[in-house]
Each structure stands twice: as structure tokens, then as C-alpha cells.
């Protein structure tokens, strides 16, 4: 912060920052620049610059080979598209079921055990969130073998943390008065949850689920790259066989799917709110 | 929830038939899955006893590549995202600049990072340079969109007051705009460092360098103990990033 | 010294905010601009320093025709006009001193303002002004840490450090309580007299206007319906300004934002 220099009580001059602070800030910027340069040098140590210089030609070459797209290939993409949508939808559905129970265990005001179940539920949520869906996909393909099933579970595992976290935060923010009112009628714990808590979190629940479904559509289009089926698998196959005109058709299909799901979720969200 | 019983039953029937159809079309190789149970047990075991040593030099190189990619791409991304974000704010830019900048943002957000990485690998060859470019593009898409949206929502009174003093365009940006949006920009950048590191653990799968490549190799060789070690390193760094980002956000709020 | 001739403003949505306003202000003269919400008061003063582009008409400050200017020439003339806002429009995250010095931006190069290196006499003048408005002890506080009355004093100091010839004041008291309102109005009129400043003060509160401002201009639906001494504000005149039923309540003086929607639109137009 700026400082005033006061001489005999009267303000005589003003400086925006003290010298010490100015110096510290310059040092901070210098450190950031030095770090970036260092990282750059380490990172590019193995870079073959002639490849980089060649990139514009490579790019032109690539797009030349991608065009025109092989439109009739789109007909063999309907099944992968169906698989992609199923991975996203079923994965989201499984995640919703698991995450909802986890959220009730993790929320401070509904957990049956503060000491054991709550930390456990929180740990599951954090672990699920830290690992990308594609990494989950890698692991599950290694375990279960390639296919849609690995994709569904990968999507579900990643989504559990996401939905669980947002949902338990929503539960912790509910209005306790309504819960007390239900409890005062002599309702059982299950009735307290269904009448006092569920109506309050239902809108948040719906928004979170739809939002995650949208993200999952995006992720399931590329999950196939690690062997988990769907459009990504078709992309992987076409890339490996250098069938570039097919690649462009698949990319357009992916783009269309993503745009459609964004449009649909925006529509549904408007309906909820 | 739904008023008409007819519509309600139709909806339920639709959902049920979709689920039945979806489940029916999942191809599952049950013998492979049953083998998987054994593998899952091994995987879990190796998480408890991760092996850092036998592939240590690979792990080390992958981690360093991921970290350097994250730093350089975030810096480059911010440097490019700030001018693009300014240009994509409706209340600052003339319509043609606005159109161009919003177009750049939409293009950089259209495809998933991993698909962008495939193209950069094809163009620039294998290695972290392609990863750096991928993460830079992704940072531009993320930061410039949020920055532009933020600028569009600033208090116009402050802008008006600075313009009324006879200040020039860049002085208005410095005093009235920057002072309003910079705290959130810093918070978002810290958050994006975190996301970039996570992404750097993934784009290696298609050859763009980083720890993802190491992980992919380990899993291909069924070296689950090494994979476990790599995952623990990823989770550890992600948590450190999250903690750091939280501290930075608090400091600049 | 300020000549406004046949000024009109029609917004893009078709709303006519000003329908031919002519007005003259002499050096050192303070006028109060009163009128109901939506009468065009805010639009009028913003057309003077061209924060809003007038549709037709002329604005002359001294010898300079403001309506023809653009770019650097317009910015140079804006330095001669100080402005004070209803919601203070301080830069909330900057300090009191930076806010006051912002009034010198028109006289400071970009890089000097970027590093906050203002001329020594600007800094001296800022300190003197902060002493005059009684905020010298808050010099390094952030603006968002001040109370409403304190903020408006910073706003006044920011306008005065421009050493303007004309002050445009937009509802200076509408966000303040009655007591603070009076002390801000007193400070404002005193400073105008000390510095022989001309001022146009938009004000909702008729009682406050009568107490502090010798000349009153009444605006209704974009037309000047009264221009004379404050003592001439009879019930009949007030009815012509505010309409049959409204004026007694308006005279009681609760302020809201003046013509809200069109102003936002105009600001966005002006930014382009």
C-alpha cells in the first residue's frame, strides 16, 4: 500500500509505494520471468526445431489430406454415436445414484457419523475428483478390457466426485427451520429427509446432474482414444490407419454432438429454473 | 412433477425403454471382465505399495515435462488471453474487433484438449512442445472468455468517471477496468494452473509429452505398481496446486 | 461561458430524452437542474462533456465548440469540466489518493499514470484538497472502506483537482442521508464560490435546491419549463415541472436513479 511521509505531523509528500515494496514487486516479476525462461529451456531441451519450423507445411499437408471429408463414412458412425451417448447417460445415472448417497453421508447436517463415515465419504469424493476421466478410462481399460463398459464406469467414477461435492455443499446450505418443522411433527428420520430436505435440494440436484451430463457428453466423445468405445474409438482407428478424410467426418460429428448437448442442456436448465 | 398422468406414464415408459435398449447394446466380454476382478485386486494392491524406484527416471522426466508445460503454457496463455479478452468485451471493443476476438475464443473452445493435442503432435512432432501449444490454446479459451464476460459486467459508473476527467483509452483501462477485474483474473489464473497440470497428465496419452505418457506406458506394460506411484504423484501435485490456488485467491480478493 | 443551443437527444430505442434545450451559464454561476425522473437531467449534463452523444444542437464552452470535437481534442476539453456522480463512481479498489489523482489523468502521460508518477504540484494539490474536504487522515485507505459522505468528498476532490472551469454534478446527495446531504451541498457551493466555478447541479430535492442554489432550471420531458431565481418556485411553477400530483412528494426528496434504462443504453453506445 502507498504511504505518506509525514514531517512534524503535517502531510508534506506522498509516494505511491514504499521503496521496499517497489523493490519486492520488481523482484517478484523478475522471479516469474526467470522461472518461465527456465521452464521453457528445460521443456524445449529435447525439441527438434526443424520439426517446428516444418509445422506450417505439415499443417497444410494435413488439412489437404483431410479435405474433402469422406461423407459416406458418417453412416458407419451411428453405432459409435449411440455408444457415446450411452456412456455419458448411463455413467451419469450411476454417478447420480452413488453420489447422492455419498452426499448425505458427507454433509455435516445429515451424516450419521461425523467421525468415520463423513471423512470416508469426503475422501472418496476428493479421490474421484483428482483423476481425469481419461485416466480413469486408461485404468479401467487395463482392468476390464476395452469396450463401452469401461467407458461407463470411467464416466461414473469421475462424476461421483463432481456431483457429490456440489450436492453435499447444497445440503449443508439448506434452511434448517423447515427440517425442524418436519421433525416437530414426529416424523421418522426417513420422513425428515424426504419432506424436509429433498424438496429443498431438488432444484440444485437437477441443475448439477444436467450440467454434469453435458460435460460427460464432451468427455465420452474422446474416451475411446484410450479404448473405451464410442466416437473416440473410431477416431483412434482412423488416426492409426491415417484415414484423414474419415478423421474430419468424426471431428464434425463430435462437434455436432457437443453443440447439440449444450443446446439441449441450456433448454432443460431453463425449464428447471 | 408432471401434471397429466398420460404424459407421466409416457415419459416413464420412454426412459425405461431407453435404458433397456442401452443396456442391451453394451457389448461385454464377461470372461475378460472376470479376469478384470483379479487385475483390479492387483491394481488396488499396488496402490497400497506403489513402486517409485524401478521407473524413477521415466517418472521424473514425465513430472518435469508436465510441470514445465504447465508453467510456460499458463504464462503464454495469460499473455495472449488478456488482449483477446479486452477485444471480446462488448463495452470496450468496436464491433469488428469484438467479432474477431469472440471467434478466436469460440474456436479455441470448440474441441477437447486431447483432440487439439492430436493435431499439434501431428504438426510439431511428439514431445512437450505440442503439449505446451495445446495447453496455451486451452488457457486462451478459458481465460479470455471469462475475462471478457467479467469486463462486460463491470460498474460503468467508474468508467464514465475516468473518461470524464479527460483520460485516454488506456488510462481508462488501467484505472477503471483493470482495478475491477484483476483480482478475479488472478484467481482464475491460479485455478487454470491447477487445471493445466491435470490436463498435462492426459494429453501425454496421444504423444504430447508429460506424465500422461509415462502413465500410459506403465499401464500398457501392466506395471500397476509404477502406475500407482504416478497416480499418487499426480494427486499430490493437484492437491498442492489446489491449496496454492486457494491461498492466492484469498490473498488477492 | 457555457452555451447550450437547441440540444436534442433521441436514444436508439426511439425515446426522446431532450427536445431542444437551450441554456446559458455564466462564469461562477451555480444553477440547480430540477425535474421528475426521466425528465432528461442526467442526459443533459452528460451531453455537455459528451459522455452521451447529442443527436443535434450545439454546446459551446468559452470559445470552443464541444459538439464538433473528437479524440484527443475532446479529451483536452473534458479536462476543463469536472464531474461529480450520484453513486460517487470512485474506483473502489484504489486508494483515496489514487482516486483524487485520477482527476489529473488528462494531464498525465500513460506510463506515468501506470506507475502512479504524478507531477509534484499535482500531489501537493491533492494533499491540499484532501485537507480542505477533511479526509487527509484517510489518504491511503481504499475507497470501498469509506462511508457514503466520505466517498462523495473524495469525488468532489477528484473533480476539483482538474482545476475545471465548469462542474457537472449529477444527483450529489441522492445516495446520502439528509444531514450528510446538507453538509455535502454546503461544501460543494463553498468550493464553487472559492474557486469562482460555474456548476450545473442535477438535484431531486427541491428544498435542498432552494436552500443552496440561487438559480433553478426546471426540466420536464426534455423541455425547459422554468428558468429563474429559486424564490420564483411557486406551487404553480412546481406543478408545471413535476405535474399535478407528483411534486409535493418529490419535494420531500427521496432520490432514486434518474432515467435508468436509457442511460445504460447510452453509455454502451458511447463506449463504441
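All chains are identified by letter, namely A, B and C, in their written order; residue positions are counted from 1 within each chain.
Following the convention adopted for this analysis, a residue touches a chain if its C-beta (ideal position, glycine included) is under 8 Å from a C-beta of that chain, and two chains touch if they have at least 3 such contacts.
All of these numbers come straight from a predicted model, not from anything done at the bench.
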> By CA centroid distance, what chain is farthest from chain A?
Replying inline: C
> What pair of chains has the most C-beta pairs in contact?
Replying inline: A-B
>> Measuring centre to centre with CA averages, how many angstrom lie between chain B and chain C?
In response: 47
>> Just the number, please: Cα centre separation of chain A and chain B in whole Å.
In response: 8
> Which residues belonging to chain B are in contact with no fewer than two other chains?
Replying inline: none
>> Multi-chain contacts only, two chains or more: what residues does chain C have there?
In response: 98
> Could you say which residues in chain A touch two or more other chains, in rising order?
Replying inline: none
> If you look only at chain A, which of its residues touch chain B in the complex?
Replying inline: 32, 35-36, 39-40, 42-44, 46-48, 51-52, 55, 58-59, 62, 82-83, 86, 89-90, 126-127, 130-132, 134-135, 138-139, 142-145, 147-149, 152, 218-219, 221-222, 225-226, 235, 239, 251, 254-255, 258
>> Under the definition above, what is the set of chain B residues touching chain A in their complex?
In response: 18-19, 22-23, 25-29, 32-33, 35-36, 39-40, 43, 64-65, 67-69, 71-72, 75, 110-112, 114-115, 118-119, 122-125, 127-129, 132, 198-199, 201-202, 205-206, 212, 215-216, 219, 222, 224, 227, 231, 234-235, 238-239
> Which residues of chain C touch chain B in their complex?
Replying inline: 49, 51, 72, 75-79, 81-83, 85, 87, 89-94, 98, 102-108, 110, 113-114, 155, 158, 162, 168, 264, 267-268, 271-272
> Of all residues in chain B, which touch chain C in the complex?
Replying inline: 90-92, 94-95, 155-168, 170-171, 174-176, 179-180, 183
> So in the complex, which bits of chain A are touching chain C?
Replying inline: 1-4, 11-14, 16-17
